[in-house]
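Labels for the chains are A, B, C, D, E and F, by order of writing; each one numbers its residues from 1.
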């Protein structure tokens, strides 16, 4: 009964479906379990609620998008 | 200080309250802890963000509701 | 596909089985899901790795067991 | 690659930023890791979805705010 | 900064490495993130601590291995 | 009832105690909650079970320790 909790960025439904398919297939193949038993739970993380290296991910992303002048 | 993280379907408040009461009572009785210390955190899982056996739960539920013809 | 993550004290197998049965039954009854789909994952928390109110649970428990004199 | 999952009350962005900074700094100093690798994920818990001692946190808070008469 | 928490069966190190590689590659490709930022945390679940459908996974597995006579 | 789940490296008990104290103090101060209600659960992650950027953390650490020649 493998459980996969995924915390990541916002994704379109088609991509989410592909990711679930891929995670499930790899788990079935490598963990030796029936892929029908694999459960994946996806959570979209808001960059305003994630910290990376002490900084809000939202601010890091804004800085990276801004062209230096 | 038992912690119970519950990921499940959307539920009405009265049902949530009963579930919390039941989880807390069982934990107190069987885990030998003071039930006042039990914390339950409920998260409603959107079926469009859950995969079961490689398939989106949302699509599985739609298929199961559709009468076969 | 409800998932229940339980973090609590060390328990004997018979108590764990009863707790799983009770959580599963309550979830089936109150969340309106097939109890066969309920997954419970239990983790024993070592009191030397848990903090409550800023204090190690292990030390709080030792203090509570000691008779005051 | 320390990961910190924080489940707590609603907070303003400035407070969230300070909390992330503080968690990251303490982790770097005490866990002997590069603070740049610390990831913090904050989740706001709705008191209508949290149980404490078998009671909905929402109801406990309402009761505590009400002046006894 | 996607985080993947995987709870599954005991696996050899080579399989774990392949699973991590596969999860990371799929996440980079489908979630539109830098694969170098993907973190995977694997936890081996002891079947004596997992419940499925109200039954201990350990007992379900023993039953399934036993030939019916 | 803030809950903090910390996944990080092996730490001595004194450091764990300081980290718990620091997390609890910051949470009380910044989240506006009673610090006595803060729960911290620490889990030591084995580098052989963590992937970073598609690579086992264990192997990354070994490579970083080896002097290049």
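Operating definition for what follows: a contact is a pair of C-beta atoms (placed from the backbone, for glycine too) under 8 Å apart; a residue touches a chain by one contact, two chains touch by 3 or more.
Please read these numbers as outputs of a predicted model, since none were measured by experiment.
Identify the chains in contact with subunit B as well as subunit E, in label order.
A, C, D, F
Identify the chains in contact with subunit B as well as subunit F, in label order.
Touching subunit B and subunit F alike, sorted by label: C, D.
Looking only at C-beta pairs in contact, point me to the busier pair out of A-C and C-F.
Looking at contacts between chains, C-F has the larger number.
Going by C-alpha centroids, which chain is farthest from subunit E? Tell me that one.
The most distant chain relative to subunit E turns out to be D.
How would the subunit D/subunit F interface be labelled, same or different, where same requires over half of its residue numbers to be shared?
Over half shared, hence same.
If you average the Cα atoms per chain, which one ends up farthest from subunit A?
C
Per the centroid of Cα atoms for each chain, what is the distance between subunit B and subunit D, given in Å?
Once rounded, the distance between the two centres reads 22 Å.
Which residues of subunit B are in contact with two or more other chains?
1, 3, 7, 23, 39, 41, 45, 50, 52
Take each protein chain as a node, join two nodes whenever their chains touch, and name the resulting shape: line, ring, star, complete or other.
Looks like something else, not a line, ring, star or complete graph.
Pairs of chains that touch, anyone?
Touch list across chains, by label: A-B, A-C, A-D, A-E, B-C, B-D, B-F, C-E, C-F, D-E, D-F, E-F.
If we count contacts the way the header does, which residues on subunit C are in touch with subunit F in the complex?
The touching residues are 7, 45, 48-56.
Within the complex, which stretch of subunit A touches subunit B?
Answer in residue numbers: 13, 16-17, 20-21, 23-25, 35-44.
Can you tell me which positions in subunit B touch subunit F when the two form their complex?
Residues 1, 3, 39, 41.
Give the list of subunit A residues in touch with subunit E in this complex.
1-9, 11, 15, 18-19, 22-23, 26-27, 30-33, 45, 50, 52, 57
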